[in-house]
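Labels run A, B, C and D following the written order; every chain starts at residue 1.
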Amino acid sequence: MTTEFHGIIGYTITPFSHDGEQLDLPALGQSIDRLIEGGVHAIAPLGSTGEGAYLSDGEWQQVAQYSLERIGRRVPSIVSVSDLTTAGAVRRARFAQQHGADAVMVLPAAYWKLSEAEIVQHYRSIGAAIDLPIMLYNNPATSGTDMPVELILRIVREVPNVTMVKESTGDIQRMHKLQVLGEGQVPFYNGCNPLALEAFVAGASGWCTAAPNLIPALNLSLYEAVQAGELEQARALFYRQLPLLNFILKGGLPATIKAGLGMTGLPVGEPRRPVFGLNEQGRATLAALLEQLHQG
Amino acid sequence: MTTEFHGIIGYTITPFSHDGEQLDLPALGQSIDRLIEGGVHAIAPLGSTGEGAYLSDGEWQQVAQYSLERIGRRVPSIVSVSDLTTAGAVRRARFAQQHGADAVMVLPAAYWKLSEAEIVQHYRSIGAAIDLPIMLYNNPATSGTDMPVELILRIVREVPNVTMVKESTGDIQRMHKLQVLGEGQVPFYNGCNPLALEAFVAGASGWCTAAPNLIPALNLSLYEAVQAGELEQARALFYRQLPLLNFILKGGLPATIKAGLGMTGLPVGEPRRPVFGLNEQGRATLAALLEQLHQG
Amino acid sequence: MTTEFHGIIGYTITPFSHDGEQLDLPALGQSIDRLIEGGVHAIAPLGSTGEGAYLSDGEWQQVAQYSLERIGRRVPSIVSVSDLTTAGAVRRARFAQQHGADAVMVLPAAYWKLSEAEIVQHYRSIGAAIDLPIMLYNNPATSGTDMPVELILRIVREVPNVTMVKESTGDIQRMHKLQVLGEGQVPFYNGCNPLALEAFVAGASGWCTAAPNLIPALNLSLYEAVQAGELEQARALFYRQLPLLNFILKGGLPATIKAGLGMTGLPVGEPRRPVFGLNEQGRATLAALLEQLHQG
Amino acid sequence: MTTEFHGIIGYTITPFSHDGEQLDLPALGQSIDRLIEGGVHAIAPLGSTGEGAYLSDGEWQQVAQYSLERIGRRVPSIVSVSDLTTAGAVRRARFAQQHGADAVMVLPAAYWKLSEAEIVQHYRSIGAAIDLPIMLYNNPATSGTDMPVELILRIVREVPNVTMVKESTGDIQRMHKLQVLGEGQVPFYNGCNPLALEAFVAGASGWCTAAPNLIPALNLSLYEAVQAGELEQARALFYRQLPLLNFILKGGLPATIKAGLGMTGLPVGEPRRPVFGLNEQGRATLAALLEQLHQG
């Protein structure tokens, strides 16, 4: 099974006006350009970092369409189309396909805890509605649903266009199991920033991350060092960026990435409430972390 | 602090057409009448059982307005207005007030895990937007956010119209703590069906439950037995209805309550996908449980 | 199935000399007399509170023999005989029987996590070695092994002299399940102090607790109020003693009970290291809690 | 800070007679010789795999003394001296020192959950009693006590001879944190077999494992590949041995390692009850796994 997605897959944020009410599409365009100029191998609009869950349907469509146009096939794109209802996710998946996405990403978002049969049917319905490849996304911390590896592989087998798996539990053993039970045939992607080194070592095809909004060169170098089998170099690069990776994870990706973009010359507003922007103390820490990395 | 909410507070379901696409408001009306005829002390539209999270904004408004009109102040009403965004929750809270709700219920729904400051501000914003009392609702299983008792009481102190607390963690010690730290002044409500007996014994003012859609007499008798201090009687009534309470919890409230309403003469469709309706085996179990209770 | 164990079952502590090295058997004798004079319905030597796990085999035997002689059948006795090895538990069970115990209590202590088959065989071996009734004790917080209700009832069915169950998970629903699946025929006992009220309400036969070392009258009154069906009275008595029950649980039973005995005229030393005695702040809190209860 | 411990640190089992009653010291001797001939860099007697927790004090001393004599300084030795009481752990640590151990390992075994102050004092007392370096061992699954990295580093700072840390939580991020907060100065060791590859990649000094009783060459090759920076080779070696590593972890180390030794010509009896030996199905799986690895 081959896929065009590999390496560093950068998430976009969704810029808002200062009061969080209006979309700021021109700023979104600039952030996309920065990611591409930074060298990311692919772009993932409207993921967790992109606050996709906090947008109205109309806003979601605006952001999806604008992002895909701005990316303009300079790199492959994978749009997150998750929705609490199957009908809504199908609608979004079709929209993404119509507007030129190369793939879609699906997290089984849940209010009521879903059974395995319900999850499989959710993926099946979305898969049947589009011709694009689907990246299944497991992240119990945000979705409330933890898909064991066996279930993931069942979905990969039963839904033809589910061809990639993104794992964000933070447990490296899930990737071992994907590798072993998937017999090395199911490309998996790491969605947990502090596992970047180990995931690549364990065989991950890519790293889905918002970090390249701030430190694309370090993210790319880590990937390249592992690709080149330069273990010492990879370890050094990993520990160098780890404090920032930990900070953006703990501080909340929309808040920290938006603050970091502002500090580096691209104001993008704050997250939408109830999520707060980064406070003064957090901003000072982030500034210090960025300074350290850019001096090195 | 006094409140008009006590005893058995019945959740409504949201009936759909067979394919899950259209609202079936007449069936909703009948289910409301059944609850009131069954003797519930109050009605809570659009809660978890009401699939509020799976409705579009337009549908949500239709259901809220229709429910309030149909209740027609025969009993007090408390409308769940939760939304992922603060702006959305404020909008729903205002809508509920404009259409005659007696109170609103707010669960701090979250995609990104919320800090305590973010949760407080969320309640503060909603509280400032309306004049109605607010029931704070803690249910980490569906919201992904667990509010410790200390935080809950801080919100009760800081947001004047947050005057009631609904606890659904299933840990009776949370209610002890609400009683002790709240010095007996903060009315709390039980949202975990299998704790019905113990919650009343521990001092809960009410039981928020979907069960009266199916067995209102048993629910009411349990409450009355505890009120009358009839412990033996209360225990017997509790263990009598416990298998059904466990079944509807484990089977998923929308699926089981909708199936049960259908079995007792009121077809209300199935839950909206990805949630499944009750399967054949589940329907047989439910039918047997209901039969047993109605014979007794 | 009948059993002579009911009501308030008091745990003994194991007094040490000041440096924790030597047993202080005379002080143990006095503490036993105090429990019996306080009115407990039975005594349980060498439980968790009795630091049984921290004694050498020789010490354990001394304490068991001395305790049983001092109790002298004034009330029934149930000796904890848990050991990491099956052979050790069998040895202790036989010793308890030879020295006049009325029953033994067995926690499946574990270093390596035990399978269900291993747990069943452990109970089977102990059961086959003695003629006494056995109280199965589930407390994952200290044993590392959580026995689901289904396993517990399997052991009750398969090992004839396992006739009582003590549940200390702190989850009241376990007791519901014991009551329902055990068809009301398996006497269960509560080992979680803060659940005292609800456990009796749910049908527990007894409350295994170290609290009667300090407040026997309150413990007994709670039991009697529930027995008499006096719900208001039971609730008031429960909330009155709850702060002390929470304190001794959180502070560690050996440390807090030993400190409390010292404050009320019976010096019994401190727990054996690494466990610390109660610190100054803790002693002040405990003194205040005791004062409040004895004034009331 | 330098240490002589690095690479592959092999655990010994403790052979028993068939009924589990008697020690079989000659078999222990042979298993030690096999480990050394297999090339391990150090030996760790009486760890979890060695069923140290299931031995009487007398047996423990016999095994410690015999093991140290048989190792005879051919490789460094590190003896696990954990005991529920501080006094017992001190006694064992002194015994190990007197009989020639190069270091001791200490797990803060607990019945009553220990506070941070109690844990620090436990290590302090043991450290003061001997002149040997101490490897602090964190394994909440067996000890019931999870030491956060901050506490571990506090102990390393406050107790001079605690110079090494063994981490067995299975969370690779703990090792990152040890590396970062310890500023690369605190040697850490991996005790979770399925993390062998990632732990070395993250900078672990060694791998404490029972696996070299069965597949020493594969364990050593993995270490050497990482040392040589041969990432592809290391990954291939890791995935090759991972099924066996998973099997011995899930099946229980004493049971699976003892069965494997028996299959490869060294009968060592079974674990002591309540722990079972490997059943027929498990033996067939193990035999197949070993066969596969020895053919390759």
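One rule holds for everything that comes next: a residue touches a chain if its C-beta (ideal position, glycine included) is under 8 Å from a C-beta of that chain, and two chains touch if they have at least 3 such contacts.
Just so we're on the same page, UniProt names per chain: A, B, C, D = Dihydrodipicolinate synthase family protein.
Just so you know, these numbers come straight off a predicted model, no measurement behind them.
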item: Candidate from B-C, A-D or A-B with the same interface as C-D, over half of contact pairs in common; value: A-B
item: Centroid distance [mean C-alpha coordinates] between subunit D and subunit A, Å; value: 39
item: Geometric centre distance via CA averages, subunit C-subunit A, whole Å; value: 52
item: In subunit C, residues with contacts to at least two other chains; value: none
item: Chain contact topology (line, ring, star, complete or other); value: ring
item: Chain pairs in mutual contact under the definition given at the outset; value: A-B, A-D, B-C, C-D
item: For the subunit C and subunit B complex, residues of the former touching the latter; value: 170-173, 176, 179-180, 194-195, 197-198, 201-203, 226, 229-232, 234-235, 239, 242-243
item: Residue ranges of subunit C in contact with subunit D within the complex; value: 20-21, 48, 53-54, 56-57, 84-87, 108, 110-115, 117-119, 121-122, 125, 141-142, 144, 252-254, 271-276
